[in-house]
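What follows is a set of structures to go through.
Next, two complexes with subunit A in common: one pairs it with subunit B, the other with subunit C.
Our next item is the complex of A and B:
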């Protein structure tokens, strides 16, 4: 009871002491609102009264996906800034509307709805976590808005759950398996054991590798699933033994954990160690140190200036992205595939909007037709290389890089042309 | 005097329901959907209030009941064509009730923090099962499905619009509130409150406390499952994230913010929290959790009885 009285006294003191008055609150509120309205958006000076294209971008800026989401956002912003500096799209500037999905599907869904209803965006470029991409897809479909998926890896996005409004201008697991399996079997060994992150993406990628290794003449003798986010993988990894040539790791977010523990348990000395490029992403290398030496992986993008990536366009991209990354991470990491695919997704959209003469949502169907089968040529807009967006499933095929970690750096050992990564389409668009 | 306050209560209740019913006609699209979602989360919070506020049992298992309601509805909507609303509701309720019975059987033998931890463990067990059993649950990606039409079996069926969906959700939440209110005011509800106040004495008087607790968990789980069904129907997807214990944590926050043991308070708390989160995230993007957290701490310090309790004190001044 005494406590209750004290509580009431302190709240009374706080609100009625005269420090917080209605007049002050209204004054401050009006000031903040006025400043927001009067402050000119950066694009206004350059484009006069031209109405900007509103491009929504949903990224995980907080929660477990925040680290990747923040680097992904840099890719979109870099492309948008470049577009605005070079005259915009169809003479109109681009205005990015950023939404944080908090790495949660319900929040992502709500933010998607907000972008559609409140912000009135024309197109969406973004999506990092597959479960959020999947949760938001019906929103884009219902609002008839083009959705450019910049990172989400899940295979079903462009297969069983595909729709006319969603496009993925980067790669997916089956294409990587098609590109990597012949190298694994012919250069490294016939018999493989797969260790994978035991959730939807890991399982579908495992299945793709099992099929492609078999097709290439090899054999998968076993598979070990490890639950996502497992900090101590020893109970799972210590059971891996037997007569096989190589261990294939399929991990995305747990790359550092699996990389360290596979080495600590001596598996890298006993077997050849290969896997998804995400394990040895440039941002993971400092944490893995020399334990990742000799790892062979596949990735659509590597932050190196060698072989086919030693081009002026890539050098420019690498330098600018590095400067921007340093602003959010003082250790100065090199750009990863998330920066690259967001940057290029935005540029793919620009190409489609220019080709279709896109004016706004009313031209969505024209934009879809322009994006279907869109060919992108290597250059400043696409430093990763040529790519094509397949009409049948809206899935892009890009060249892949097989690399080895030597001296703490990625070294390209083979480049697989995009034509050699093709996987048959498995999408049936629902009726519009 | 008592009669007059009773009358005032029902007039107030009717005015609030009428305002909520009229809201979709005036609100823009986004806020209309948002209001519907607030009602759904409010129902979840209200269901947990039966345990937290009336029985004195802090539960972290509500995410499991909510999620299983959602997956039960998803199973019905994916397996039966054309999708049927009432089958989805039925399957969702059966799913949630099954899990609630299972969790209640083991956890109600324990008290206080041990009960809370056991319910948390149950929700995590179901989370791991759903997350890894990809073939059935869709794993991390969850399940997406079509929304069923609003129907009266064999008589009438029409596709949901945003307005009709809002009214349907409002009707379900209002009916749930009235049922829960009746339960808490019934002799059964009085026993639950007696357990909250002094469990040993209630047992000594001769009430089978464990049995009452099992029924309370079951009822609470059933209404949480109903909220899960409504969420699935509104958003057309089910994801393992909803089974994760953080959802239970948010439910407790809704209760604390709104006012524990009031039924209406948790709905107010859910509305306030979600509105706060939505508004602040527009200004502070990823940093909005800092002001939300500070506001929550301030509320716990200055309004320990929650928004409803604070309003009640203020009105009675």
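Our next item is the complex of A and C:
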């Protein structure tokens, strides 16, 4: 009580003694503000060192894509927190500016423009649905901002629609097809029917597999496209019949739906069932139950500690990501490839920014030069493995894992080295 | 004559049979979703944009009850009751105060509710899809396909629920009040029918039916926050084609549109077959805006 009275007295002294008046306080405030604005350039530069890098990240945090977008965001946040804990990049902390594209290309483009104009971001790391990545590409190019594509796998992003500002430090459809097609043809069957998500990524992946299966000595006898977000796929799947060996699925956010319905209609008993690893992503397994048993897939990342993934760096990543995922989902899922590639994309950017001494947008060209041909070594920053960002098309090549679902878990069947996933560059950068 | 025979010979009868079964099953699920929607519109003039989220919420509650009790049927029942109660509360809190205002306000209100419910589900249950185990497994041979018994069960249960609703509307006291309020709200109130509570009851029934369809459909897709979107878009088409507020019309329209789409998908991609629904919708709006299955007033 005595203390309170003392406090009251000192407070009274402070405000009523005549030394500090409200008018004087406002005056001092204005003086400090003015001094900050008019401070000489060297001082501003010194303060500027502590200014955080603003890194935008566009993810689908609502709408159908949120199923993967939420885990993707965990990856970026995990990397940003780790960077900040270890002293930031070039001595400056990282500030994430998160934007929700609502799983819609038009919204994505609008949010990208807002990140550029209002939030004044320095670089962008993100992008989940390929149609949204495609819609946002011109925004980054026009604003001359480096765009690190963390998930979108559509082929054209680093081929026909490539630009100097966009980089993809993870894999893409042709590399997966190059890695998987020989296994499909030699181990599972010659004739394939492809069932795919009928949008940018699914279509380009279909084309890649048609080419690579043919190259491996097999044949694609048919393809069925199913629009994104279709709840009842039976009208599509019930048309699939004929004489072929295997059904190859290319789905991401609709993985649970196709996995359930392909099984329900007996197609997995009639044909071999294989496809993109996104169908059997760790976050999809609980909803697929035993219907996904025997599925053979390819993925750049698996949440298992076996074979080449049994490393201390991967164990650390797996444990920390699992703790974070538990906070957003009470079932406590294991990390998926979206967590991994967002985490590693952010770390790739960090390497590039350090190498180029990046200060802000004015150094974009320096950053581009640093990222071109960037080598990433397996370790805490890159638990998935080594990778190189190819200069000619800004596309990375990573090792791929062919797996089978057995006992409700991923089992690595074969590891394909990154050198065996190479696909020739097909990008001609537009003149700056 | 030979040309006609050639046309008949070219029809893939195996596909026709499979797509007929598909069309009826899909039509019955759609009818269950649309019947709640049309009931709410018919009585209250409210276009319920939150219907898909009530469908999704029903499925999530089904997941929780199923995990607790292990009984699919209990999950179906409890999810229906809880979402019906939630529907009643939503009506009292958000829609009753808007009674008599511009219909646009109710559209905005239900749209707002849909966003809240969707994001709540994402926050509460997380992004990982959940599983509802179907009560019966197994399949029968339908030509070249193994057709799951469960899909037929969904169609039968949808028919049973809609049938029960029809009996309730025809013979129950509340059913009679609901029909009276549909025909003439003011006169019904003048005759002593508690119209505001009838509205609440109708919204609860509509919400409960959405929840029941969510639980029934859950085993086929996995339960996520966005699972209702695709169905509700189709249900809106069905409600317009069947005649806004006309229960029988909506059921007929659901089966009619699903069959049309199913048959069209024999010759074109099912993605293109969806166009058929929109063509029917446009034709209905142009030629018979009151709905295809509404009796012509005498």
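Following the convention adopted for this analysis, the second predicted complex is superposed on the first by the 383 of 432 C-alpha atoms of A that agree within 3 Å, B and C clash if a C-alpha of one lies under 4 Å from a C-alpha of the other, contacts with A are read in each partner's own complex, and residues count from 1 in each chain.
Heads up, the rule we're going with is that contacts are C-beta pairs under 8 Å (C-beta built on N, C-alpha and C of every residue); 3 or more make two chains touch, one makes a residue touch a chain.
Worth saying up front: this structure is predicted, and the values here are computed from it rather than measured.
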Fit or clash between subunit C and subunit B when superposed on subunit A: clash
Partner chain(s) touched by A:186 [first = subunit B, second = subunit C, both, neither]: neither
Which superposed partner A:232 touches (first subunit B, second subunit C, both, neither): second
First, second, both or neither for A:331, with subunit B first and subunit C second: second
Partner chain(s) touched by A:154 [first = subunit B, second = subunit C, both, neither]: first
First (subunit B), second (subunit C), both or neither touched by A:265: second
Contacts of A:288 with subunit B and subunit C, given as first, second, both or neither: second
Subunit B versus subunit C as contact partner of A:62, first or second or both or neither: both
First (subunit B), second (subunit C), both or neither touched by A:203: first
Where subunit A meets both subunit C and subunit B, residue numbers: 62, 66, 198, 225, 227
Interfacial residue positions of subunit A with respect to subunit B in the complex: 4, 7-8, 10-11, 14, 61-62, 66, 98, 100, 104-106, 109-110, 113-114, 116-118, 130-131, 134-135, 137-138, 154, 156, 161, 198-201, 203, 225, 227-228
Residue numbers on subunit B that touch subunit A, as the complex places them: 28-30, 33-34, 37, 128, 131-132, 134, 138-142, 144, 231, 235-237, 239, 241-242, 278, 281, 285-286, 288-289, 301-305, 310, 313
Contacting residues of subunit A [partner subunit C, same complex]: 62-64, 66-71, 198, 224-227, 229-232, 234-236, 238-239, 241, 256-257, 260-261, 264-266, 269-270, 283-284, 286-289, 328-331, 333
Contact set on subunit C toward subunit A in their complex: 15, 18-19, 22, 25-26, 29, 118-119, 122, 125-131, 133, 139, 144-148, 150-151, 217, 219-227, 229-231, 261-262, 265-266, 269-271, 273-274
